[in-house]
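Residue numbering begins at 1 within each chain, and the chains themselves are lettered A, B, C, D, E and F in the order written.
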Amino acid sequence: MSEDILEKTKATGALYFSGIDGEKPFELWRDFDKDLGRELSLFITGRLYAREKIPHPTRQLVTVAVLTVLSRPEELKLHIQAALNVGCTSKDIAEVIFQTFTYGGIPTVNTALKVLREVLMEKGQWPVQEE
Amino acid sequence: MSEDILEKTKATGALYFSGIDGEKPFELWRDFDKDLGRELSLFITGRLYAREKIPHPTRQLVTVAVLTVLSRPEELKLHIQAALNVGCTSKDIAEVIFQTFTYGGIPTVNTALKVLREVLMEKGQWPVQEE
Amino acid sequence: MSEDILEKTKATGALYFSGIDGEKPFELWRDFDKDLGRELSLFITGRLYAREKIPHPTRQLVTVAVLTVLSRPEELKLHIQAALNVGCTSKDIAEVIFQTFTYGGIPTVNTALKVLREVLMEKGQWPVQEE
Amino acid sequence: MSEDILEKTKATGALYFSGIDGEKPFELWRDFDKDLGRELSLFITGRLYAREKIPHPTRQLVTVAVLTVLSRPEELKLHIQAALNVGCTSKDIAEVIFQTFTYGGIPTVNTALKVLREVLMEKGQWPVQEE
Amino acid sequence: MSEDILEKTKATGALYFSGIDGEKPFELWRDFDKDLGRELSLFITGRLYAREKIPHPTRQLVTVAVLTVLSRPEELKLHIQAALNVGCTSKDIAEVIFQTFTYGGIPTVNTALKVLREVLMEKGQWPVQEE
Amino acid sequence: MSEDILEKTKATGALYFSGIDGEKPFELWRDFDKDLGRELSLFITGRLYAREKIPHPTRQLVTVAVLTVLSRPEELKLHIQAALNVGCTSKDIAEVIFQTFTYGGIPTVNTALKVLREVLMEKGQWPVQEE
């Protein structure tokens, strides 16, 4: 079972975070406490993210929305990239950010849209094409 | 166009909020300022919620997640009921609440799960059946 | 000077909090630590609230707005009563609560409006008359 | 009526935001969704800000206070500039920021004072003259 | 190792939560998802709380402070009881709550002091004796 | 007594903030309002921090935890340096930051660990040695 969770952690990590540059949270944790860093990764990625109870794109849109209203732009950048990795479109992501306005206010919407624009620029997908 | 937005507000309001007891936000707003209450309803329900850019169940799971991490249990109760109205299952809603743990911490998860349980109890759908 | 600050604390406290029922924060602090409770009162009421740099109604509308977006309904109830004491009207207070929507979202507006309604009901000033 | 709201949006926008450099929120929204950006502008500026229920300087001091405690420094910079545009003095603004200490704590006061100082420096109005 | 973590979870749970009435978070989680509830317990109690890197009373004062500023009174009540279980005095707890004032503001201090008073009343330890 | 509080402010300020570079909050306050800046310093440092009710390292670990979950990285940097000044180790500080995960979520843990790493790098104490 311990092997199983390690496998799930790797597979889920690959699905969400492949090809994303920059320091990953688990690298930061590990630099302070190797064992704890490992446990956090196995738990968050292998236990929580690996669950197949809702589709991965839905799970990740939820994460984007939550990071928007909590105003965590650095974490949000990582998870917008992950959202694109699991199959969300940039339009889905923008819509979810706008949807948070009613509940969390406009300043965090603005910050999140700028993060999304930054990601899209880095991928050469900006400006977004209106249909 | 003004008629159009009124129609959309009514249809979207019916889709999300039919059969839900208790004072609705627009009734509260109207008691303080009739015109402003009307404008807020037309804008939030008719302009934002009526958009068909993402499926309604996805939109509403996002709302549930955001209200969870912001710790707004009263508003959350209304929107858990609305989530069930637009086709989310209680398992989807629970999963989305659990998903917020990593980003917003466990106390708001606990509060949200209690609200979900309260709604399910009122509907005679508690306890949830494990498959 | 120590006498001076005591006078200011009493006068400012009387201006803001006369005739308001219920436990006051300084009574709560004092029950845990008499000296610290006294220092907190002298500082918050005598040093900060006593400042005549902006009109008291403006100062108190700011307090109402801040307590609205931070979602502190118990403290808000005390300060809505204080706002009425220093000359704000119920319409000013409602307008300031609505103004926070754009920045802090609608759920905290709803909670604050309910607190305002509760205060107005207790004072026999509900429903508000539209002009 | 649709013309009326467009006029109000323009007039209110001019009153608050004239002469302020940098990207405006409505430009950001529009880049993602032209129609929604327009609706948000008409609603926030034309419906909410255009209301003449409290004086514009009071409305804007409320906005400054709320953005202070929510810790939204980028949005705060825009609205400190707008506060100066509608007739608030830098001393009013500083006083309102200090007033939030009791309710929101000192770190957000410090951040907001730095934003205010930055705006005043850009306008050549720093240091503030003590009377 | 799996046995080891189960033992640690039980021992740490007993140390912190013995004799505390009311529904525990893991009971709530389990009612929604048995496996996930178990994993959350093993991780939070067995992996994080069981760590002997700082003394348990220090760890728990940190938890009390964090729950104070985040304004989570229900979770706070559980953890004030746990703080008393691991050897914190009521005076330590009150001091830590007061210490948060500068950073998180007074309303959350007031809420937390009321929770502390409620716990002390239930234990017949109120009023606190001044030395 | 006024002399006494001035002495306590100086002694406590020296204990916590000696040798820390950069603008201090009281310098910022003073630039806006000399009297208020002085009162805030006397109160926060002389009245609150000078209290000998809990050990200074415990008090400061509480401050670090609170600034972590509130996401105030600039203030946190100052107080991590102060924590090291009053005798906390970098391992204590990291442990306290990790402890906040369960209650405030992982993004603020990540931000705080980066601030801690930055402080340790500036002091030539990075990487931390595992025992």
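The working rule: contacts are C-beta pairs under 8 Å (C-beta built on N, C-alpha and C of every residue); 3 or more make two chains touch, one makes a residue touch a chain.
Here the structure is a predicted model, which is why all the values come from computation and not from measurement.
Trainee: Between subunit D and subunit E, which partner chains are common?
Mentor: Intersection of subunit D and subunit E contact lists gives A, B, C, F.
Trainee: Have a look at D-F, B-D or B-F and name the one that copies the D-E interface, over half of its contact pairs being the same.
Mentor: B-F
Trainee: Just grab the chain with the largest centre-to-centre distance to subunit D, centres being mean Cα coordinates.
Mentor: So the farthest one, by centre of C-alpha atoms, is E.
Trainee: With a Cα-based fit, what is the angle in degrees between subunit C and its identical partner subunit D, given to the nearest 5?
Mentor: Fitting subunit C to subunit D on C-alpha atoms yields 180 degrees.
Trainee: Comparing centres built from CA atoms, which chain ends up most distant from subunit C?
Mentor: The most distant chain relative to subunit C turns out to be A.
Trainee: Taking each chain's centre as the mean position of its Cα atoms, how many Å separate subunit A from subunit B?
Mentor: The mean C-alpha positions of subunit A and subunit B differ by 23 Å.
Trainee: Nearest whole angstrom, what separates the Cα centre of subunit B from the Cα centre of subunit C?
Mentor: Here subunit B and subunit C have centroids separated by 31 Å.
Trainee: Listing for subunit A: what residues touch at least two other chains?
Mentor: Within subunit A, the residues that touch at least two other chains are 36, 44, 51, 67, 69-72, 75, 98, 101-107.
Trainee: Please classify the inter-chain touch graph. Allowed labels: line, ring, star, complete, other.
Mentor: complete
Trainee: What residues of subunit D sit close enough to touch subunit C in their complex?
Mentor: 44, 48, 51, 53-54, 58-59, 61-63, 65-70, 72, 75, 91-92, 95-96, 98-104
Trainee: Under the stated contact criterion, what part of subunit D meets subunit B in this complex?
Mentor: Per the touch definition, subunit D meets subunit B at residues 1-2, 36, 39, 43, 47, 51.
Trainee: Sort out for me which residues of subunit B touch subunit E in the complex.
Mentor: Touching subunit E: residues 71, 94, 98, 101, 105-108, 110-111, 113-114, 116-117, 127-128, 130 of subunit B.
Trainee: Residues of subunit A touching subunit F in their complex?
Mentor: On the subunit A side, the touching residues are 25, 28-29, 31-34, 36, 40, 44, 67, 70-72, 74-75.
Trainee: Looking at the complex, which residues from subunit A come into contact with subunit C?
Mentor: Touch residues, subunit A against subunit C: 69, 101-107.
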